[in-house]
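All chains are identified by letter, namely A, B, C and D, in their written order; residue positions are counted from 1 within each chain.
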Amino acid sequence: MVCIIATIIISLKSPAFFSALNGQVLLEAISINILIALSQMVIIGVGQMNLSVGAIGGFAAISFAGMMEVWGISAPVAAGLAIAIGVLAGSLNGIFIVWTGVSAFVVTLATLAIFKGLNLAITEAQPFYNIPAEVGAFGNTTFFGPLPWILIPALTIVVCVNFMFNRMPLGRKLLAVGANSHAAKLSGINVSHVIIVAHCISGFLAATAGIALVARLQLGQPTIGDDWLIMSFAAPVIGGAILAGGHVSTVATVFGVIIVALITQGLVLFKVDPYLVQVVLGALILAAVGFNRWKDIQTAKTKPGMHSG
Amino acid sequence: MFKYVTTAALSAVLATAAMADGSKVGLVPGGPHPFFADWEPGGLAAQKDFGLEAGDFKVPQKWELNLQNDLLLSMVVQGYDAFVVHPGDPVGSAPTLNEIVGTGSPVVIASACLKDPSDVAFCIATEARDSAYRGTKKLIESMGDGPKKIVHFAGWLVEPNTQLRIEGVERAVAEHDSVEIFQVIADIDAPEPAEEKISAYMAAYGSETDGIITTGWVPTVVAANALRKDGSKRIKMVGIDHDPVVVQAIKDGYVVGSMLQNPYGQSYIAAFAADRLRSGCSVKDDAPFTAHPLTARFIDSGAPYLHAGNVEDRAAVDEAMTKELLSTFEETYLDC
Amino acid sequence: MADLSFEVQAVSKYFPGVKALDSVSITLEPGKTHALLGENGAGKSTLIKIITGVYAPDEGALHVGRAPVRFASPRDAIMAGVAVVHQERNLIPRFSIAENIMLEHLSDQVLRPLNFAAINEAARPWIEKLGINADPSTPVMELSVAQMQMVEIAKALSLQSSVLLLDEPTAALTPHETVALFNVLRDVRDKGVCVLFVSHKLEEVQEICDSVTVLRDGQNACENLSMNGLTRQDLVRMMIGRTELIAGYRPRDIDRRENALELLDFSSSAGHHGINLAVASGEILGLYGLVGSGRSELAKAIIGLLPTDGGDIRRDGQRVTIASPAEAIHKERIGYVSEDRKHEGLILQHSVLDNAGITVWRRAVNRFGFLTQNSVRRLVEPYLKKLQVKTPSLRQTIGKLSGGNQQKVAFAKWMAANCDVLIIDEPTVGIDIKSKTDLHDLIRDLASSGTAIILITSDMPEMIQLADRIAVMTDFVVSGELGNDGDYSSMSKQIIDLIHIEETRLVGE
Amino acid sequence: MFATSEKYREFGREGATDWLKRIALSNEFGLFALIVVAVLVFSSLASGFLSNFNLYLLGRIIAVNTMIGFSMMVVLVTGGLNLAVGAIGVCVAMTCGWLIEDIGLPWYIAIALAIVVGAGLGAINGLLVVWSGLHSFIITLATMSIFFGGMIFLTRAESFREMPGVFTDFSRLKFFGSVSAMLIPTCIVAVLLGILYRLTRTGKEMLAAGAQPAAAEQSGLRVKKLFVLCHVLSGAVAGCAGLMLLARNGAAIPAMAGNLGQDWLLIAFLGPVLGGAVLLGGYVSVLGAFLGATLVSVLSNGLLLIQVGEFWVQACLGLMLLLAVVLDKVRRLFVEN
């Protein structure tokens, strides 16, 4: 709903919005941010937080670029290995959380430092430059006019994650654990396994986002991932995810990503004073969530309330 | 990694000049950044050439003023007695650096400047405003005559150099009636937002734009890639610094040129000066410092313009400058 | 559904410093409903946790069909055929009824997508059998409390286990629903399942159970006794070691000239309309109604938690408006003891003192503006003592106390608040006999000392024992008011009739 | 008939062993033990660690980090969070700088007014959270952007550097050669917060409202008002932290806490969470937050001194945090048995 209004406003003000190139740019930005947001959303689903999404994504990104540059491994293999690293990093998070019983917040904060530290230790803050042309091409070319190739993995993953949460036993177990882990345990669900798997999925998605960004930037930047944290939470929360867990919506998260992307692009298109960009961004986020909230209240009013007692 | 070999003759002269016990020099940038890749060889070369006890390059874990301050002070505890610093903030770094100078360790600022007043010896850097001004002039020159629109992609607004650069670009444009700044996009010194905003700009206004001036490392890289993708070479661009992506783009003709900062030379000479100051030299009262918006004690290391003509031997460009500066440095600026 | 027996043989369990179970045995036979009774602290919940695989016994063994079993986790217990209906709610609110019922079966298939149509079909028989009047795909969060309880039971039944353990299954159910549940339980029992029924409601135990095991102080007070010939008093004696004192209703002297609280043509946004109720100082007004009839909402509307929609609230004859519970308590001296102890009544992770003192903090501030432990303690300790709250210390986290003791602290909190009007909502749900009697005495004492009380309860005997007048609420309207003559059978019939008449009227419309 | 069994002898009187055990099981004790271990290890590995100068540096770092932690802690009480602490801190420092440099107010009045501004920004957060009913995460995410962006717009990102000497003098002041004066404001705030939560009605009400809003409301607490108050307090404390950094830097700088003030976030959470604050609200430990911040500060300072290689510092810090978490678990298991 908010998306449609935003689109209309932007396109009225700036006809350039509907150009093919612009659509491509928007889709590219959305593709990567969706992966980041889903990576966090999976963990929100089990009622935890993963502060290390950016660190895992960045680590996978430089591993991917580094393996291609230093060891000369072909791109698909390197991508596979980088994803494996992401999954491994995620599983470390999960195992530590389950084993120590310490809140995910603290554990992922610690692993954030570890993964980011490894990243710096390996790269010494220097980017990897020799990204094979085909990788760059994947990140920057299109098919059917404005559709970027990078949209394909993103879309596939959105469909898979959505399917997982709605139809697969694993997804339902994830949500059950997030809503009420005690009840899930009593229902015979192995809560520890589910939490570890959730973190593996999160690691997988973060790594995929990191690799996609390398393809997009054609650079193995060590700073990839530094700015993900807030975005990763903002999109699911704008999409209505409950931070306490048990309720996430893939589709709504995608809309959350789209809203943020539209706002960002709108700020460029409207040539907002660079000194005011942050203010406008904040105000627009507030307006978007405020509108959603207002709409919810309106619909709640028209429905008869539930009674108990 | 670029190899810089200072001539044997030069180092022999300097070795005799240096005092027997070399300084333990610490080179500390504001945070991890590819720009400082040349600081490490600069420090090591200085260690070797000038007989320093150390010429160690230490990087704060993140671009955070507090982390840099903590690192610097812990290095004092570890026994470093001379410092080459790229200040995390031209104002905020002053108290910590003054404190360090108070412990008897000289501090030389490199690749940036500290705002006066402060106790540091001097700064050796590129003048950001002037560099942006000259870069813009080069861009305007390359675009040719007729009404032109240019866009400016800049770094973090909270960094004072960004404001100086915006001013520099504005000043250059003001001198040409036919040229106007179409838009300034700032706060894009990280890859993700740079990619997102520059792509969005190019998609919306690329066709109306004639020139791009970039004054930040990441925006330069991202914009160079965007132009390569565009492929038409219609839009002219002048960037900043020497990222391989940019150098390659200049070679291939997608980018007109880039304003260099010579971090190797800056760190090398600064380490030399820090050592001399520690060994008892002082800055001359009448040293011929040049004007700078922040400080009265500014040594211009020069901002060579890298373009298609000289791109093949960038190392030589830097080295020539370094050598020239060093050869007269001691007698020009120091009292020993 | 194999006809297997389930035996607990001489099981002991130690906790640091305490022997919670001392060689306890119990044998469940297929085709029989077995009652497990005991006061709070008797070791009942520890035994339940051992049977369900939450704890492992330190000594003794469990046998299923004579074969020894060890449960390392609840999952093991489920695999061995032990299904449980827990006392606390264990449903996933946003999942559908069917999915909740079939949650255990999720684990069977890892890679195959779920077929919701099949799940709904598989769950439908259970939903119909238990009379849950809802579509299988309805999210559980949209159900009433009683329906949720039924879903829990359906979930356990769906496992087709050889042992079915029900821990206080009727706490949230109306008499009507209880009857439906019992019919299902008889059906299940007749199919050869061992049913273990844990409840404080002895009437129900007598009605449904074939045999009984009673625990007292961690030991067997009796083991596998047949219910035949056992009276209520026999059971109580085994549980508490003495006979129960049941106080019948005694009419009280009440000055009805002035009402402490009066509702005139009161309406609320929750849906109440045209409500006229009055309660005088020293009077207990019973408010009876089925779950969902709007009783708790009425209380919340009175204290300003839900917006009012018209009509008057009069306090000692004066017309008042109450915007928030803070005003209700501190200005009008009206308190509400919530039915939802865990979420609205108490702060479970805080200490006994902090919970009991929360209403008196305003008064406990000393002249320097500080609130010290001692000043709060002075104000609440007499009430905690009077109520005989059992706690190791006042710093004890209240969530660790038994339900009865928690409820006593909740009462102490409201007594300390010095309210003139108290609305008490379901005070004795899931509470043992001793605490229940204590609380009943307390409610009478409060009334005798001049407090006006509105008592909301679905427990008919409780209502008839305590209330001076009984108002019956049906679908957010007061459908009638009765004076209490203390005779259970005639009163309960009149009350049921009132509900029934109103229901037929509604259907007629 | 109160004393029914031996076990329930008397309210509130516990034996000495119970008391010791409770202390040994407490989070604060665990942190303290870890700090002692860390100090022992670092002082044996790096000679300079216990030098007067380093202790003085450490004190200064701890002072600021703890203050930042407090600013988050007071909102964690409500079960929410405040992502805008850094933005508010910078805004307060900039306000103070503006009041002194452009308006010409004396420094003490400027400080007071600036903290009021911090409280005001906190109030905006609180009111938005309470009115909208949205999670504080999303509200403060937006206000972080708005506050910081507004500050950048108004100041054009220019620093205020004509600060009176009292600021830098204060930040350099030390007692006994090794104790930084910066610890004074932190200790004052710590004591005040301790009194608030232990000895005042408002503090108790905040904890109750945060733990279980429904129960607190029905017990007559004005939950919304209390939540707004928590955010106001957070704004004021964040302002104090901002002013301490102002003193430390001798100037009010927009970049003081990084872009959008995000640099503060990790340390803001780390201290209170290590100190045992529950993210769901209703429980905090002032001492724990202080010790948590101290542990992190000691670890990062020590790692710099033992020269693990600057690019490895961050990885080591993460590893040591994990190690601390594991050691804490081992300690609990050990004490409980």
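Here, contacts are C-beta pairs under 8 Å (C-beta built on N, C-alpha and C of every residue); 3 or more make two chains touch, one makes a residue touch a chain.
Note that the coordinates shown come from a computational prediction; the quantities given were computed from them, not determined experimentally.
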item	value
Number of hops, chain A to chain D, where each hop joins two touching chains	1
Most distant chain from chain C, judged by the mean position of its C-alpha atoms	B
Between chain B and chain D, centroid-to-centroid distance (C-alpha), Å	37
Chain B and chain C: spacing of chain centres that average the CA atoms, whole Å	73
Inter-chain centre distance, chain C versus chain D - centres from mean C-alpha coordinates, in Å	42
Chain C: positions in contact with at least two other chains	none
Two or more partner chains touched - positions in chain D	152, 156-157, 311, 313-314
Residues within chain B bordering two or more other chains	32, 59, 61, 157, 187
Full enumeration of touching chain pairs	A-B, A-C, A-D, B-D, C-D
Footprint of chain D on chain C - complex, ascending	16, 303, 305, 324-326, 328-330, 336, 338, 340, 343-350, 353-354, 358-359, 361-362, 364-365, 369-372, 377, 381, 384-385, 388, 390-395, 413, 417
Chain A residues within the chain D interface of the complex	96, 100-103, 105-107, 109-118, 120-121, 124-125, 230, 233-234, 237-238, 243, 273, 275-283, 285-286, 289-290, 293
Contact set on chain B toward chain D in their complex	32, 58-66, 69-71, 73-79, 88-89, 91-95, 99, 115, 156-160, 162-163, 187
Residue numbers on chain B that touch chain A, as the complex places them	32-34, 36-37, 59, 61, 154, 157, 183-187, 190-193, 195-197, 199-206, 221-222, 225, 229, 243-245
Interface residues, chain D side, partner chain C - complex	1-2, 4-5, 7-8, 11-14, 195, 199-201, 204-205, 207-208, 211-212, 214-222, 278, 282-283, 336
